[in-house]
């Protein structure tokens, strides 16, 4: 069967059809929608014969081997059975929904979701690969979410859908884990390999984990206790959805899963214990609760839970016949439950209510529907001649053969009968309470029979109830056998599908159940009173409450940790750094290494003293901001001197010029910031911070010392050797900057340029508080531009520019370069701003600093690109010596163009920052008339 | 095309610089054209680069013609070129969104955007650790400037925290670099990888402190606990295209961790082999945990997206901690997936916020959307992708990570956290989705702004990537697998890059 | 000499970090500046200290390691750009948020009495 | 005009050669280049200043001030290390009569650099120079010496 | 002889610097501190030039020149701040 | 290096150092800010000139050619020192810093601060 790979995708294609055809009539839409599922069903059925012969179709193509995922499908008995249920009932639901949905509901969207869901289900049952199985499994969760929440404007629908998604989603995650462990244990993600490795799996140490995780997936999906509560709440969905999801599909996926992995996982004590007990509990609890529901769909929902429990119980028993019974009940339950839901939907649709306290005596209004419903509920109750009776008989039979609970094994049949009694009672209630039992009370509508074709799906299903019930062998014999064989991964044992097995114990149990049920229903008022004593709890509210409390607890944790305190964030960051470094530093035995140290001299000690004292003074006086700035300047000065002393003249120059620009910037900022810092750190905080600071300071100092006292072999000799010959300059540091590592410098000036742009952005919308007095309330001086400063600054400008040119030109061979030159130029211009003010400058120079940045970066980049023309890599430098008469020998180098780019960017960036910052105030600040 | 590997840096640099010059500087329309063309160029050249690398192997580009280890080299291998392509694709998509109008509200959006891309690509491509620092700074300063784009109190406050924290981070970075240079005497990462293996005794101890300092720095970028605090506010307050672009920022940190602690301090580092692992383990797991808690606590879509970024960081860090080829491969796949998906969600959140009046993107009832179907569909896609549910890419990444654990101890820690994280996301997304799309009152807000065509296109591009990542998952995971094995193979990731050096 | 140098680096680091941990943006900026001095000195020292050996060919008899110097130069410039941005951002924060606390809001002050006037003039 | 500021051009030319310690042809070319371009660049950034009318007098003035600086410094140094009790500091208002800002600045600077005086302020109407003297013996004498020794030549040099 | 002189001179300058620091720390006014800083710049220039002599190197001149140029700028800016608050208006 | 050069260098260095020290000493010793202003403006300027001269001679010898670069530093200092002093004096006056008790013409200070003309011009 070569079509198997694309067969499951046929319905997927169909999801678009309803969306496209929704604008035509509803009937057209429905038929068009049904076309592809029908075709799929047909194609599958056309292979049924072979499968009944025991054949198995498999097809696979690789997909994502890294996660064990392949596109692999198998069509065996079990898959066939489920496919038929999915597609067959699906088609009926499509027809039914055509009439059920009102004109306001978007039928196109509905069908699209439905088909999507159908596709997902089909994928699950046809999967031949574990990961792919999970893939479709999750898709069913998602698409069922869409279906349940179809009426999303109703709070019930939203909550119900969320709950379903959360529970099944959680189960899905457990399932994933289980499947992954299973696949890893076996070494293959192919389903067949898994099924063939049953004994191996059960022996493996991972087995308990696998079983628990996979069963978690199955139980959540199949609404097994204690995960059952989502199912009744999913009844907020339109009834066709319920009919589909809770009869043949969604909830059956869990059952399917257990059946699918039956050969690999079942038949161990652990399996038995978990599955039977869960199944039994679910079976009883569902049945019990069902009886007390006033909502028609609520009753059916809880009955579904109960029947799912029954099937689970069967699958847990571990005997082959129990498995057969389970498969058989899967079929039967799907048929009668789908029809019951549809009947409930008709009642709801035609009477406007689902409340059995309002619904009474509908027989008079809709006898035909009533008849159909009665047949279906008879099947649900397990009345002979109905299909439900047959599988229930098999169930009772199997309960009698159980010995796994040891001396308590008798409990199982007893409890099973008890469940049967409840089943009869709630089935009775469904019939009697709705169709008889007096007159309707306050119904919104006068009930009547539904449209002709809305009944058709129910009729078909009810007919099936009877047909299967009366001619089981003919109707489902082959299918059941094939499905059971596939479930067992071996030939199914022989069993009889006869209606009559003679008077035996199971029959007695059935009789007891029916009579007991009728009696119980008769005396329901006592039971209802008894039940009424218990406080009612709406699982929806409980669940929402739990989720909300989780969310609010999470919120509290987040509010506690992310408390928006930068001080804490920095503390954590630095704390981690301290812990990491300190812990590894503990292994350093000797701080000092072998490298000889430079002898100490008084000059250095003086420098160290100056540095230390001013640094400490900065800390001590950081709340007196101007003073801190002055002491900071001293630190900067000493650092520059240190660079000069330790043979780094370029560094000294750069540090000096950067220092001045930084100080100017800080002074500018100081004007707009408070003059003083209040003392607000608690002593504890201060001690804490001091400890951390000293720890890191100590660590860094230690490492620094340890490094300096150890010899080091570096790559740097290459630079000194090649600086002149390869880079054309004798100032190696500069050659590194513009040539060896020019790329760093390109990045560095880009940083500077970006910073300027960013600062421009910050400034452009700033609304500032401008103090008219200093921190102590003293009005500012009125002398805006002191005459001496103004005049002298003017004279200094040309000199500064000349010095800047000097520094720029010699940079390649002596200390200097574009960066320092740029800063000198900037400082000289800033000096003009300080001396004369923005307005004065504005009328005199028209430099567009932004263009300067742009062209600076461009020039630097283009100078690097030039080398491409000669087949060299980016930034390959070029230099040569020329001779001109009169002038003599001189050098030209591409590095100088690069340096020019650096120069322009530096000037542009610094000026864009400072000039704009200065400009901030000029427009708003009242300009005092100068005295002249 | 010998220069192909520098294109991803030069294209944004030049386009950025040119946009500062007339005639582009004053005219937003021409800047938009410039940006779209620029990022498209970038996209094409990155794709070609990846293609070439895939065929002909790693490309080393010696800048200035100075061979490694003396000059700076760019290393375009499968790892870096994949991430460069990712960045370029993201950039192109995000710029499409930005030209819908989000680029207004402040000067220099386009040049800054370009510079940011340049920084990110540079960080991915460079083979020199100091150059990595420089590119970190480029991308950081550009991100600072972009963060404050369009102004607002929250932005200012969040940016202040972000900037100061990163300044501290940069200081630590330099301390770390100083230590590493002071012990290894070289800056080229391949050369460092070789020299690290020869370190012994106290010098090795010193180098270790440097390496761990770098871990803090990269961890800060990657939002590793306890340094993740800055992220939610920063991302949530950023303007939409910026936040979307930021989706890749944490990945730069992650990438650096992989590069440095796999190649340099990896298996072959002698005494310093795998030094990051003991620290990475607990921190990665705690990061997933705190991210997931944040997910549950998220009051709005942007904060949720931000917390999801933390979760994905945690997951990626866990991969780094596992420290195997499979884990690296998983991380690479997951990085691509989570970057695009969270970027899409950030943009989507903005589109949604603009249609919900005062409710913005908070999970409270509000006026209905102007474009409910479009937004709903997009929301569903990104939710599925980010929760990690089929059929979208999240599940592949997740399963790859789960499959990468190597011991039962690792499994016991990583699996529950990752799966519970998914559950947290599922819960939050389902709550968010039902509230955002179905809890309505009143009619459509008057000020509601329907999403523009370019914006829809942008989100569509980002979200479309997710199914494509699944559909072609086989080829893509094969590629990530090869990329990972390259990274883990000292021969190809170090020795082969240095002329004349053999093991 | 190395000992003194290392001591100064450590002290500067400690001072810088302490100020960076303060609550007001100006103190933080000052702290970051101090820290960057420490960083630059540290990075510089990674090439080991040498006297009278500036790396200008023909000007010294021996040469110190030029590479860390180049790195420090780059670091200084980048540090300057970053500091500048941080300073202006601090101003912007004051303008937008009304105070100069790094968190944008003032911590509850139990007693204003501690806010003594420093009297810097 | 090739040299909008001839004095500055000359200064720049000299300073360039001074900086480079060279009078090679190459440097002379560069010096000329800068002597032309820099004044041209900054010419916009200047207020009008009076021209030097008497260059020789200017040179003489400079030399005189230099000598005064030397002597003044020694004097002040002695005052500083001498007994402080003997110091009689004081403020002095010196009436001045110079029109140009440049002239006033030169005068104020000279006053600051020479005998124990520092220019503290210039009045708004620019007709008073306020001086602080480290040791004020005779106020009139000081005012007179400032006016005669420094103000007069400056006025002459600039012709105002 | 030169070496001894250099040591003596260096000692003098060191003392001068310490004295400057003393004034800088003591104040009492900000003006005093600025004055101290300004003086420190001058002493630093001297120190650098001295170091140039000591090291027989021409590489230190620029540093001295720069301090001379830039030190003034920061002094002026600080004073302007004290006077007007806004240094660029 | 010829002895005479060495001697000259040493002498100018020493002179410079002495004046520098005196300048800084004055900064400590003098009782008010207005008086302290004198000390660096003058003594230190002279001191630095001494060092500069020494350096100039030394460098000329070192390079074997006439080195007068240092003059530029002197030039800068001469130009800027008075302005710096002026600015600092202005700040002190602005903040109404009290001078030494016995300072003459203290009443002028407020006038100076406001840059007015003196109320009763001195008896000139």
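Just so it is clear, A, B, C, D, E and F label the chains in written order, and each chain counts residues from 1 on its own.
In this section, a residue touches a chain if its C-beta (ideal position, glycine included) is under 8 Å from a C-beta of that chain, and two chains touch if they have at least 3 such contacts.
Which protein is which chain? UniProt says A, B, E = Cation:proton antiporter; C = NADH-ubiquinone oxidoreductase subunit 4L; F = Sodium:proton antiporter.
Predicted model only: the values in this text are computed from it and were never measured.
Visitor: In this assembly, which chains make contact with chain B and also with chain F?
Guide: Touching chain B as well as chain F, we find A.
Visitor: What chains, if any, are shared contacts of chain C and chain E?
Guide: Per touch definition, common to chain C and chain E: A.
Visitor: Steps needed, at minimum, to get from chain D to chain E via touching chains?
Guide: Steps on the shortest route: 2.
Visitor: Which chain lies the greatest distance away from chain D when centres are computed from Cα atoms alone?
Guide: When every chain centre is compared against chain D, the largest gap points to A.
Visitor: Using each chain's Cα centroid, which is most distant from the centroid of chain F?
Guide: Result for max centroid distance from chain F is chain A.
Visitor: Name whichever of B-C and A-C has more C-beta pairs touching across its two chains.
Guide: A-C
Visitor: Counting only Cα atoms for the centres, state how far chain E is from chain F in Å.
Guide: 12
Visitor: Indicate the whole-number Å distance between the mean C-alpha point of chain A and the mean C-alpha point of chain F.
Guide: Measuring from centre to centre gives 71 Å for this pair.
Visitor: So, what's the distance in Å between the C-alpha centres of chain E and chain A?
Guide: A distance of 61 Å separates the two centres.
Visitor: What whole-Å value do you get for the distance between chain A and chain D if each is reduced to the mean of its CA atoms?
Guide: Centre-to-centre distance between chain A and chain D: 75 Å.
Visitor: List, in ascending order, every residue of chain E touching at least 2 other chains.
Guide: Each of 17, 29-30, 34, 58-59, 65, 69, 76, 80, 82-83 in chain E touches at least two other chains.
Visitor: Of all residues in chain F, which are in touch with two or more distinct other chains?
Guide: 23, 25, 37, 39, 45, 63, 69, 72, 75-76, 79-80, 82-83, 86-87, 90, 94-95, 97, 115
Visitor: Quick check: what residues of chain B touch more than one other chain, meaning two or more?
Guide: Counting only residues that touch two or more other chains, chain B contributes 130, 134, 137, 141, 144-145, 148, 160-161, 164, 168, 175, 178-179, 181-182, 187.
Visitor: If we use the touch criterion from the header, which chain pairs count as touching?
Guide: Touching chain pairs, listed by label, come out as A-B, A-C, A-D, A-E, A-F, B-C, C-E, D-F, E-F.
Visitor: Give the list of chain C residues in touch with chain B in this complex.
Guide: Of all residues in chain C, those touching chain B are 16, 20, 25, 28, 32, 35-36, 38-40, 42-43, 45-48, 67-68, 71, 74-75, 78-79, 81-83, 85-86, 89-90, 92-93, 96-97, 102-104.
Visitor: Contact residues on chain B for chain A in the complex?
Guide: Touching chain A: residues 2-3, 6, 10, 13-14, 16-22, 25, 61-66, 69-72, 106-108, 111-112, 115, 118-119, 122, 130-131, 134-135, 137-138, 141-142, 144-145, 148-149, 151, 160-161, 164-165, 168-169, 172, 175, 178-179, 181-183, 185-187, 191, 202-203, 205-206, 208-209, 212-213, 215-216, 219-220, 226-227, 229-230, 232-233, 279, 290, 293-297, 299, 329, 333, 384, 389-391, 395-396, 399-400, 402-403, 415, 419-420, 422-423, 426-428, 430-431, 434-435, 437-440, 470, 473-474, 477-478, 480-481 of chain B.
Visitor: With touch defined as at the start, can you tell me which chain F residues reach chain A in the complex?
Guide: 72, 75-76, 79-80, 82-83, 86-87, 90, 94-95, 114-115
Visitor: Any idea which chain E residues touch chain C in the complex?
Guide: 29-30, 55, 57-59
Visitor: Taking the touch rule as given, give the residues of chain A at its contact with chain B in the complex, in rising order.
Guide: Per the touch definition, chain A meets chain B at residues 62-69, 131, 134-136, 138-139, 141-142, 145, 149, 152-153, 158, 161-162, 165-166, 169-170, 172-174, 176-177, 180, 184, 547, 550-552, 554-555, 557-559, 561-562, 564, 566, 568-570, 572-577, 580-581, 584-585, 587-590, 593, 699-700, 703, 706-708, 710, 712-716, 718-719, 722, 726, 739-744, 746-748, 750-751, 753-755, 757-758, 760-762, 764-765, 850-851, 853-855, 857-858, 861, 865, 867-868, 872-877.
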